[in-house]
Structure formats: structure tokens, C-alpha cells
Amino acid sequence: MAKKLWGGRFKKRTHPGFERFSSSLGVDCALAPFDLQASKAHAAALGRAGVISRASAGRIVRALDGIRKDLPKLAGSFGRRDIEDIHSLVEAELVRRVGEDAKRLHAGRSRNDQVNVATRLYCKTHLLAVENEISRLQAVIVRSAKAHQGIVVAGMTHLQKAMPILWSHWLLCYVEALERSKTVLADTRKRLDILTLGSGALAGTGLAIDREAVRRELGFASVSPNSLDAVGSRDFVSETVYALAHLGVNFSRIAEDFMILQIEEMGWLNLPEELCTGSSMMPQKKNADFLELARGASSILIGNCTALFTLQKGLPSSYNRDLQWDKEPLFRSFGLVEEMLPIFAVLFKGTKVRADRAHRSIANDQLAATDLAEALVTAGVPFRDAHERVGKLVQAAEAAGGSLREVPSAQAALILGSQVKNWKTVLDPALSVNRKRTTGSTRPSEVARQIARWEKILNAFF
Amino acid sequence: MAKKLWGGRFKKRTHPGFERFSSSLGVDCALAPFDLQASKAHAAALGRAGVISRASAGRIVRALDGIRKDLPKLAGSFGRRDIEDIHSLVEAELVRRVGEDAKRLHAGRSRNDQVNVATRLYCKTHLLAVENEISRLQAVIVRSAKAHQGIVVAGMTHLQKAMPILWSHWLLCYVEALERSKTVLADTRKRLDILTLGSGALAGTGLAIDREAVRRELGFASVSPNSLDAVGSRDFVSETVYALAHLGVNFSRIAEDFMILQIEEMGWLNLPEELCTGSSMMPQKKNADFLELARGASSILIGNCTALFTLQKGLPSSYNRDLQWDKEPLFRSFGLVEEMLPIFAVLFKGTKVRADRAHRSIANDQLAATDLAEALVTAGVPFRDAHERVGKLVQAAEAAGGSLREVPSAQAALILGSQVKNWKTVLDPALSVNRKRTTGSTRPSEVARQIARWEKILNAFF
Amino acid sequence: MAKKLWGGRFKKRTHPGFERFSSSLGVDCALAPFDLQASKAHAAALGRAGVISRASAGRIVRALDGIRKDLPKLAGSFGRRDIEDIHSLVEAELVRRVGEDAKRLHAGRSRNDQVNVATRLYCKTHLLAVENEISRLQAVIVRSAKAHQGIVVAGMTHLQKAMPILWSHWLLCYVEALERSKTVLADTRKRLDILTLGSGALAGTGLAIDREAVRRELGFASVSPNSLDAVGSRDFVSETVYALAHLGVNFSRIAEDFMILQIEEMGWLNLPEELCTGSSMMPQKKNADFLELARGASSILIGNCTALFTLQKGLPSSYNRDLQWDKEPLFRSFGLVEEMLPIFAVLFKGTKVRADRAHRSIANDQLAATDLAEALVTAGVPFRDAHERVGKLVQAAEAAGGSLREVPSAQAALILGSQVKNWKTVLDPALSVNRKRTTGSTRPSEVARQIARWEKILNAFF
Amino acid sequence: MAKKLWGGRFKKRTHPGFERFSSSLGVDCALAPFDLQASKAHAAALGRAGVISRASAGRIVRALDGIRKDLPKLAGSFGRRDIEDIHSLVEAELVRRVGEDAKRLHAGRSRNDQVNVATRLYCKTHLLAVENEISRLQAVIVRSAKAHQGIVVAGMTHLQKAMPILWSHWLLCYVEALERSKTVLADTRKRLDILTLGSGALAGTGLAIDREAVRRELGFASVSPNSLDAVGSRDFVSETVYALAHLGVNFSRIAEDFMILQIEEMGWLNLPEELCTGSSMMPQKKNADFLELARGASSILIGNCTALFTLQKGLPSSYNRDLQWDKEPLFRSFGLVEEMLPIFAVLFKGTKVRADRAHRSIANDQLAATDLAEALVTAGVPFRDAHERVGKLVQAAEAAGGSLREVPSAQAALILGSQVKNWKTVLDPALSVNRKRTTGSTRPSEVARQIARWEKILNAFF
């Protein structure tokens, strides 16, 4: 049994089942580099405060650097469940390396102090990495949008063909959604960029630690102004897990689109074989497993969000051990997102657009029904009436095989009225996109403008 | 049966059970003022674009203003489930008032366009209101903290007495947590401050609507740059519902603290009778029902967050009717939070602190055990050793009745070592708070500094 | 302000904002009939126990019957938020009708007693109704399966064509899933079939109430054996809400299938127009809104499940007012499910199968690739090798246009080996279903057997 | 790179990042023993069907037995993420051991078939184990209830003292709650006790496998009647995860009770030191960490429930790869519950009741207020009036120091009326429990009866 950091007043040893249950080492080893970083800053602060000698501080800092380098070797211990956590492991190693001095390091801080600052450093680093990876993914998509500007496909609402749009317009829709997730992640990162170390167990400490100096050394934006709040709040973790779920939901929607667009009858997308798998029973299958796994992974991310919220609901203020459970979902959520991001880039790079299928998707001239209604409006018909008339024309077309164009002219004239003469010219779906005039629309020139805007924004990531 | 906005191509009437199931009028009537506001801007835009005459635009705008005034009268219809939604109701009313012109208003926009812009206006208004109400609540708490600076209580971790802290310090912990929720709400508000109107069904419109002008008129910060993304994304709703749950979780923690602090044996808090209720069976009961209801309400807020995420998970891009379900949780979450906020202010205003109970809570000198350890550290003992020695002293005290002071001097000297002579002077818990030295600690001068800081920040809300 | 049931010891009146916030009348009015039923049984029990006279008991019972009849008239009060709950409303009405005697009714029971028993009666009634409605829906689907036995379609896995199956087989898959939900609902109903009335506030009562007699009168299966557990546990509500979400998830999967099968290029399903709606902007649209709303509704049901669990997490034993929040999700979940069930029956009745499209879906002979592999196995080839060979044949077919049949015979022979001579005869997808031999398979005779089995089980619901 | 089970038709190798992301080996190795068991039954079935020779079948079965024995040695491979899953690993090992024959085993089954049957076997085994462990825990609690029958404590509602109850009554409340969870688990186990193996990829198989014989060999209760439903449904997993969360919520409530009852001022409970830990900073702390961790663990269990539901929401029928994500939450939930159960037994065994504290908790005679009201009722006063009068007496007592007994007799007589003469004799809280008369109440003889009932039910687990 490893030595406990708090054993003084205890007479009995910890129950072994409970020891295993409560150990977080297998999970929080991910904090190791950040714990070491924060411990260095704390050692320096103790030195400056005169709590330990400058020499001691120096020895501790150098030893922590050494442990940082030797982390891979320590990884063998990460499965041990008789060690409480990564902080105990590091301290034990520190004692092994520098002896007596190591015992001076924990002055003026609590373990929760350590966990908190390390988790914030972890989040800052990983959030920024995810944000950058999103930018890289966006750049891949923008490049693809640029390359496919000529392709017009059937835009859908309610999973039904609605109007022709540029495939590039569709792709840019993902860039927007990802940007939104990125902003949620970045806002979260900024909000959690606070040094909590120095809060002690809940009340601060009587040792003269200069928290402002520690803040500077660790690169935090500000110092937490209330020790009780600092030790007891983990909403920064639920915010982070939430932000990752936000991204996960956007991933799941992209995946669903691609799933549908690759259906044999439907799809103009041909997915890269290296992201597909086969069936162990059916020799012909090429399944889009990555899409399905990405779609499903959002459930884990959402479940983690529920877990984090529920964890904190109804807890009293200040630190409660329940909060230890924040790390498992946090690290899992990051892990999933960090694994998926580069594969999504492979997906967008490797997916081929089948131009013939895309073209076939807009064959039905009912896709231009709204254009026809707007032509009537431009000719002075109130929109509701225009909509009603074109609706009747659709009804007639359905009875006659489906195409608006094939409704007998006389019948069509009766239905549509006389305001728009050459109404059949409006019905070429391929021309529909050019008729759009609004900012943000699928008009090719507007789409090109948006591509250019993104190229500028994502400049560093191409 | 009310007339549908899309009936042209349909031959059969809608199934009545489905009509009831799909109607959102009972819920989305909350959008009415915002729908009217956006419709006015759209009418003006159509006028400017020459799609309708300036005169028509003027008539429509005036009629919408009239409807706005008469909304209370229309409320009688909000229960009708044969009307699809608030937008249909408003349009029907508009037709009743201005006839033909009303039919011109829907040109160049889809119903989803309407819902989206109205929901964003709703969120902006209600988010800002919630933020301000939080500030008012914070001001109440800060005032209470200022009034109670002399009171020292037992700070707890793990629901166990840990160290003496100022009750004001404890109160400020809530101010911090609420500030965090407020910032999450404000960040959310800024992110959703985007005009989506003008996106049409999914592709934009062929009518020459100047979206920038509409943006200015409605006071949005920017214009959405991709119509497909605009119509299909509702992450701004899940973000809002999330932010409200964030606040709800903080409410639940405050409620839990107060629940515990009002237990007969424990508590130094006496809750205002007007927030308590009795028992229908037990005549003596005075139950803190508001606290329990507030704690429980967080579950509804969290459940809504799950609902919103799950709703969007795996949906294809673009608009899907599933998204109609976003409003019920959104409005419910706002409703709960808006009801609770002012009652929390009553709670903090009306709660009395029982000074005797507070004082009794720190009677046990074990609360100064950390002070004693830090005194040893200051005298040169490594912290781990200091912790171990004081731990042993606690063990001895436990055997001897509980008080550190009553451990026989000889035994104590043996345990503690010789570095700290007058160790008993460290043991007055009331003095403990004065020993703290760090920023954010419970030191009275630091707490006073934080109170002053908050008074400045919340200046407008006192 | 309405009179409170517990005002004796209180000096101040309740805060009006809190009064509104805490009132549950608008929600729990759904309990009225069940509350009246339980109150009648309680009055009779008090009479039998000699706590009130038989005459008083009789008067109370008759008055409660009268209130039951007049409930529609009372509905006007259900919006009042100065009345605490339905129980207060009923008691006030009872006082109005029988005066003094009414004040005797609450002896030996707590309000929580009332809520608990009424909620259980509500759940029993509504669960059974839902179970029966599911049986009716299953009967509709079975009838449709019987009618469509001749239709073979492309069965899919991973949303990709996998093997030919009977459309009837596909339909029966829904019958199975619904049966599972029904069993979960029924098991839940059986578990909650316990009389809790008579538990008092938490400890039972000193009045000699014969709970066994009350149980018989109200038709419960057993009597709760621990009063503390009875008043404080609401897991029967989370179980019910869970069971409804279970059904909701199955609904969402059916809806998703139908969404995909009605896509223009894909689908062999033509949905009933009366469950579709159009677009306010695009005149040609016929959107499958019911499917989308049903799919989305599962999110509300899932969110309610999260809410109920989170509500109870970490609550102390015994009654806590938080539990009041159980009813809003409970009633909402039942409401959604009860609305959807009959519409699903309309969906299955009204959906037309387009035989030509169904037939076209199995045109590709790759759908028989597994049959070919199994033919090789029957001829002695180890399955892995057979799978590998047919996989290579698929690769060759893909290069040559897609059809296995069109791979040049020489090349095919080289790939497949010599064990199976007339391999092309295996490739008719329409015959594939007849080759299946296992219980539960899509073999037409097996499907017919399953239809017959269901006809017997659901006999009462056709 | 390990060989894939489906590589035939693929030209490109799998993307390594995707390979890692999609590998489930690290998780589903828990299925190994169950996969081996099912594979044995399948091999035998293939032998009986004549698909493979009896000799081959025998060799395969023996090799699978060998692998079962050598599983610990294989565990070293479980971290490899270039192997898709446990089924691939087992098959590779089988090939290594028996060569050619191994390639015959996968005939007539799909991998999903394998996963499904193995997961069901896993669930059956682990559910039963959990149920039994619950029974053992209940037995420990019943024993403790039996040992503490003399102790009367303050029962609470709303976390406020309500009425005196037996501590044994309180303990039995947990036995009831656990019984409910156990029944949910058992019902779940019975519902999932279905053989799905033999469903093939989705349509069954053309090989003549006798599923009924396989069912008998594997000990399932029935055979799944629809192959499409069998491969695509995982509600049995969400049901299991739900049932575990049900138990988790009950754990969290027990933990919360104990947390409160061990507060210094409050509690009559002294927790076993071996389930507590100290503070790294505060030498005096003895924190009830296990309770907090158990309370918090319920959040993970609830989050897993959300994840499982969300995972399946909106999926098309039949197998989709998303479903792979069901295992991580499933195994995690079982892991948590299986770790906690025996520690809870240690908790109940090791917790000491401090009789003096318990006694002090009922010192306040207001706890007998309901007894007094019921005494008035017995004397003919309507309950509402009795409640009101005692309420007024409480008000008077509060003004006079808190004790009902100390309200001046004249004032008390005025308030209470003349019906009950010797009202002060009712006020001994210790006698209150004896006055209770209902089934399930806290009356000592009734509690003893319940203890005896449980001793009989749990007979096998003492």
C-alpha cells in the first residue's frame, strides 16, 4: 500500500475495495504534465515567500523537470489502484529524488488546489488544440468548396428536395457550424483562464504566497478572487464538456448528411474507402462506418454533459469529493473529439462528388416552383396567391407525371394567370441558383465571396 | 379548420389528430411580439426592394403595430390547436385587417425564417433581462455580505468543518458563481446576435431584399452568411438552454447550502417565513420549500438541455420539422429562471443570521489545525512532517475529548516537536481568518476589498 | 389568497412570487379524478376506524362523487396560482359542499400520501391505456404485413443495401420493438401497483386505519411495507417516464426508416397526405412532418427521463419538496405518447407501397453475394475463403459496371473456384428470401408463421 | 496491421487513425468469455447442420475451450488498436490453433450476431451477480436493523425534524428501495433472455442451423422471432444501463442521508474509518469520501443512460455501426455498481450509532405535535381544526422558548380547547412510535414484523 498524504490522524488502514474504487490514478494521469508545471510554479512561489529556501525551491524545480522527462517511464504505474491519484504518485517520486525537500512542497496548498489548477491548464491546452484542429478541418472543407463551385445539387428540407443549391454552398454550411462550435470552445477557454492555485483548502493560506506572480508564471489571465468558490466550483469542466458536445452534435449532423448522400439511389458522394469497412458476412458491403461511429459518438459526448451537470446539481458549496468524477467524462470527451477531427479532414479530402448523380438530383423541375412563385410576385401577384397558383400547378403536374413543364399550356395558363408569360423559362433548375440575390444565398457569386472570406479568416490553416 | 399557409398542392385535409399534435400555437405564442417586430422590418424591406409598394408596406406596418397593441385580446385564441402556429395566427389577423396587402408580406421569406428571427429576438431580450436580474440578485448578496462582516463561521469541505471563514466570504462565493453564469449567458447572447431573416427556405431568395438594412432596423450585430446553415441550425437554442441550466445548477447549490445551514442542530440561518410552508399533517413544521423547489428545478433545466442536444443529434442539415420541439424547453427554462431570480433576492434579503449559532460552529479548536501546521512550517518544519505531527495531535485529542488544547502539554510537546513554543495561541479559531494572507482568502481586509470591488462592478444594480 | 392547509403556526403570509412559483395546480389538475377516488376510500376507512361517524363518511363520499361529476366546471380554476395544488382545491370545494365534515377527512393522512396514491392510480390507468393502444397499433401493422407478403425489398444495414427481405418481415420488426416497449410499460405498471396511502407524513398514523381494506377498495396489488420509503420514493415515476421514453425511441426509429424510405430516389413508400404538410414558401413541397415531429418528440421524452433521474439524485430519504417536479415531465410524456399512438396507426394504415420502386430496389445482384458465399460453403469451402472469393468477385464486378453476373465467366471461375458450377442461378435477389432456413428469418413461410402468431396474440385488438 | 474479416472487396487499407478510432478491442474484451461460449454453441450447430464435419466442430470447440483457459495470456493484446474487436482477436487465435477449420466457423452468422449474443450472455451473468450482491447488502442492513431496534431518532421530511421513528425503520427504508432496484434489474434480465444468434446479417441464413438447439445449449429462455429486429435493436442495453442507474440513484440517496447524519452537530452516525480519508492540507479532517464518491457515481450512471438513449434515437432499423458505442457505458456502469456494492456492505456493517446523539435528536417535544393533533381527533375534533389548534400552540411555544410543554397551561387550554385533558402526556417523543397503528408504520412491533419478513425473504444471503 502506498503512503497516504493525510494519514496522520488515522488509525485504521483504508479498506482495499474502497481504495481501488476511489483511486483516480488510471484516469488523472492525463494531468501529469500540467501538475508538474503548476508544482514548479508553486515551488518557486514558496521560495520567493521564504517558506522554503531558494536552494530547496531550485532542487524541487529541477526534479520536477526530471520527472516530466521521465513520465513515459512512470506510465507503468498508472494502473496501480493503491495509489490515490497522480498527485500522490508525483509526490512519491519527488521524495525519491530529492528527499526531505519534497516534503516542503505541499505547504500552502491543498490537493484540490493542485487538481484544479492542473485541470485548468489541461483544458486550456486541449481546447486550443481542438480549436486549431477545427480550423484545419474548415480549411479542408473550404478548399473542397472552392474546387466544386460548378456543381449544383438538390438542396433539401425535411429530407425532401427543396431547391437547387451549389454543393459548395452546402459545404460552407459545415464551415459555419464548425465556426460556431469553435467559438463556443474559445469562449469557454477564455472563461476558465483563471489561476485558482493559492486557494488552499477553502480559505486561502497563511503563507505569504504571491498569487499574481504565480499567475504570470503559469500564463493565466486572472487570479480567482474567492477561495471558497475556487475550490468548490467545477462549472468550467461542465462548460468544456458542453462545448465538446456542441461540436459532437455538429459532427453527427455532418455524418447524417453524408450517410444519406451515399445511399445507392441517392447519393452524389463516393466516400474514401479507407474510412469504410466491410461486413464479416456479406462480401459486397462497403459500409460508411466512420460516419456512423462519429454520429454515435455524439451520444457519449451528450451523456457526459448530462453526467457533469447532474454531478454538480445539489452539491453544497466548497469542495466535495463527488467532484472527482468530473475528470473521466472530461478526458473521454476530449479523446473522442481529438480522434475524430483529423479523420473528418480525411473524409472531406477523400470524398468524391459524382457529377452525374448530382446533376440527376435536380432533374425534376418542381425544384424551381419557388422561382416561379417569385416570378409571379415580381409581376405583381401577392405572394400567397402566387404560392397557391403554383401549388395548383404542382397538383396538375403530379396528375400528369410529375413535371411542371408538361402541364398542358392551356391548363397552366388558367392556373397561373396571365402575369408571367414565358413561365417555362423559369423552370430550369440549373439556372435557379443564379436568380438568388440575397447575402448568404446560394448565388454563385455570393458563394465565391464567402469562400474568399473564409480563405482570409483561415489563412494560417491552409 | 383554419386555412393553411401551404394548402395549394394538397387534396386531402390534414388529419385532425395530427393537426392537434403538430400545432405549436399554445407554446409559440410567446414569440408574438418578436414575430411582429420582425415582420415589420420585412415589410419595410419588401417596400424598399420594390416587391410591394411603399403604401402597402406602410399599411402592413401599421396593422402589425395594431396587432401588437391588441395581443392581449388575441390571447384567447392561443389555445386553438387547429391553428398551426403563432405565425399563421398573426397572418390571419393581418388579412382580416388589411386584406389583399397581407398576402404580399410572406414574399421572400419562409416560415422557418420567421421562427428563427423571432426566436433570436426573444432570446436576446430574455437573456439580457436574466443577466440584469442576476446583477440585482448579486447586489442583494453583496449588501448582505457587507452587513455581516463580523461573523465568523465554520467553513466546510466534504460537509465537514474545515476552517473558520467569514460568513461574508461564503456569501461572496455565490456572487462569483452567479457572475460565471451571467457571463455564460452573456457570451451566448452575443453569439446568437445574428440576423438570419432573408435566408428563405434554404437558398436565399430571388427578391432583392437588403438584409443589411433589416439587420440595422432589428438591431442585430451581424448578418448570417450562409442560408442553408441559417435555416437548419438551432444550436443557439441549445446554448441558451444550456446557459440557463448552468445558472440552475448554481441555484441548486445555493439551495443545498441553505437547506443544510437551516437544520435545527446546525444552522446559523433563519429563513424568511414567507418562503416557507407548513405540513398538512404535522402542525409544527416550517419547511424551506422554496429551497427544495429551486434545487429540484435544476433537474428540469438539465433535462431540457438533454432534450435540446438529443433533438439535434443526427439530424440532417437544413430545416427539419423536429426542430419545432426546441421552443417548449426554451420557454420553460426561461420561465423557471425568471420566476426564481426575484425569489432568491427575497431569500437573501430576508434570511437572518443567528450570531450565537455561528459562533458555536467554530467552538472546536481542531478548526485551527491547519494554522498550527502552517506555524510549524514557518518555523522550518517541512509541511508533510508538520501535517503528520498535527495529525497525531488530533488523534491524541480525539482520545482525550476532542480539543487540541486539552492534550497534555508533555504529550503535545513530544508530538509537535520544539519548533513552535506557544502553540496554543494559534488555536483560537476566531483569529484564524486574520492569519490568512493570500489574494482571494477569507482575511477580513481581503473580503472587504472584494466587497468594494463588487460594489463598483454592480454599481447600477443597488 | 386561498386558505392554506397548514397555516396554523405561521404569522406571515406567503410571498406572492413564491406562491405562484410553488403552485402546482396548473399541472396536477390531471390528478383530480384519482385524488377523488382515493379520498373516497380514505373517508370510508376513517368511518370504519371510528375516527369519523359512518354518516359523516357517507356525506363526504357522496360529495366527492358530486365533485367528480362537476370537474369540468372546476376546470376554470385550474389556472389559479394562488391555490397550492389540486388537493387544496378539492378540499376547499368539499368544505363548500359539506361544511364541517370536510375538515375531518384529512385525519391520518398527509398531502404527500394523497399525491402518491393519486399519482399511482394515474400511472396505472394511463399505462394500461398506452399498452392497449400499442396493441391496436401492432394489429394495424400486422394487418399491413399480411397484405404485403408478396413484396421483396432491399434490406439494409449501415443504411446500405444488404440482402433482399420481405417488406412484411420489415414491418414485423416494428411489431417486435413495440412489443418490447409494451412489456417494459407493463412491468413498470406491475411494479408500481402498491398502495402507499396510510403512510402518513413519514411514520404511519396513530389512527386505526385498515390499509388492507383500502387496498382492496382501490384495487392495488399490495400494501407498502415501510412508511418512510413510501413517502420519499418516486422511482415509480422515473420508471414510468423511462418506459415512455423507451417507446419514444422506438417511434423515432420507425420515423427515421419512413423518412428515408420516402426520399424521392429511394423510397417505395408513399405517405398519407393527411399526415404531411406543405411549405409556406415552396409550393411543391409535401413534407413528412409527422415523422419528423415523432422523431423529435423522443428528445422531449429522453430529456424528461434525465430530469426525473437528476431530480432524485442525491436527495435525502423521506419526502422533499423537490419531488413536486416529477409531475410535469410525467404528464408531458404521457401526453406526447398518447397523442402519437393513434397517428402512427393512421400512418401504417395510410401508407402505400409502390411495388415498382420496391422491385427496383433489389435490381442489383450484389444483394445475393451472401447467398453465393453460402452456396460455396455448402459445397465445402470454408466460410472465410468463400467470403474472400465473393469479395474479389465484387471487386471485379465494380470494375465492370457493378453486376456480378457480368463478370466474364473465365475471370469469375478463376476467382470463385470450381466448387459451385451454376453460380449465376444463385444471383436472383427475388429468390434469395426463399433460401433462408432459420427461425425468425425472412423466408416467406416463416414470415407467414410469424404473422399468424401475432394474429393470435393480438386477437382482441383487430 | 491485423487481417480484417471483410477485406475481400477492398483495395485500399484502412486509414490508421480511423482504425484506432473504430477499434473496440480495449472495451469489448470483457465479452471474451461469452463470445467463446457462444462460438462453441455455433460450432456445434454447424456440425449438427452438416455445414462442417463433426470432427471439425469438435476441434473448434476444444480450441475455444483452450482459448478460454488462456484468456489471461491474451490480455496483453487487449490494448492493440489495430485489431478491430475481440471477435477478430479470438478468430485470429483460433486460426493459429486449428488452422483451416477455424475459417469455417463464421458460416451462417454475422459479427453483429456474435456481439449481440455475447452481450446478452454478459448482461445475464452480471445482472444476476448484481442482484445477488444487492441481496447480500440487504441482509447486512436487515441485520443492523435487528440489532438497533431500541433506538428512536428524529425522522425528517424536508430535511427537518418531523416525527420520532425507529432507526431500524429508517434502515428498512433502504432495504425496500434496494429491493425495488433489484426487481428492475431482474425484470430487465428476464426481458433480455432471448437468443438472437442465428439472425445472420439481418435476414437469417440459408444454412440449416437449429436455433432451438443453440438456445438450449446456451440456456436462453426463448429464440428471437424476427432477424431484422434482432440485429438492430439494443434497447436491452439501454434497459440494463437504466436499471443500473436506478440502483445508482438509490445509492446516492443513502449516501446523502449518511452525509447529513455524520455532520458534527447533527449526526448519530460514526462512519467506519476505513471508508474515510483525510485532507492533504488540514490535519484534523476525517472525510466521508466513500459517501461522496458513491453519490457522485450516480451522475456517471445517469449520464450513461442519456448516452444510450440518445445513441438509439433516430437510428434507422437494422444494424448501424453507431451501436458499437453501447458497450463502453454498459461495462462502465456495471463496473461502478459492482465496485460499490460490497463497499456499501462494509459501510452498513461498520457504521456505529451514537445512542446519546440519537436520543438528543428527539429532545424537542414539537416532534409529537402530530400525536397531539391525532389525540384531539380521537376526542372528536375535526382534523383541520386540531391541526390549526396545535399550530397555534407551536406558535406560542416558539415565542416561549420552543417547547410545547412550557406554554403556560391557561394559554394552552385556551388554544387547544377542552377535549384533551392530559395533553402533556402525549408529548414524550420516545413514546410516539408506540402510538402508531398502521401497517408499514414505525411502531416497534410492526418494524419487528418487517424485519422477520425480510429475514425470511433474504434467508439465503445471511
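A, B, C and D are the chain letters, set down in written order, and residue numbers restart from 1 in every chain.
The definition used in the following text is that contacts are C-beta pairs under 8 Å (C-beta built on N, C-alpha and C of every residue); 3 or more make two chains touch, one makes a residue touch a chain.
Computed from a prediction, not measured in an experiment: that's the story for all the values here.
S.K.: Which contact partners do subunit C and subunit D have in common?
M.R.: Where subunit C and subunit D share a partner, that partner set is A, B.
S.K.: Any idea whether A-C or A-B has more C-beta pairs in contact?
M.R.: So, comparing the two chain pairs, more contacts are at A-B.
S.K.: Please report how many Å separate the Cα centroid of subunit A from that of subunit C, as a whole number.
M.R.: The computed centroid separation for subunit A versus subunit C comes out at 33 Å.
S.K.: Could you grab the centroid distance between subunit A and subunit B? Build each centroid from C-alpha atoms only and quote it in angstrom.
M.R.: Those two chain centres are 23 Å apart.
S.K.: Residues of subunit A that contact two or more other chains, please.
M.R.: Residues 5-11, 106, 157-159, 162-163, 200-201, 260, 278-287, 289, 292, 295, 298-299, 302, 305-306, 309-310, 313-315, 320-321, 370, 387-388, 390-391, 394 of subunit A touch two or more partner chains.
S.K.: Could you pull out which subunit B residues touch subunit D in their complex?
M.R.: Those in contact with subunit D are residues 157-163, 259-260, 262-266, 278-289, 292, 306, 309-310, 313-315, 361, 364, 366-367, 369-370, 372-373, 387-388, 390-391, 393-394.
S.K.: Could you please specify the touching residues of subunit C with respect to subunit B in the complex?
M.R.: 4-15, 17-18, 20-22, 84, 87, 106, 109-111, 113, 200-201, 272-287, 289-290, 292-293, 295-300, 302-308, 310-311, 320-325, 328-329, 339-340, 342-343, 346
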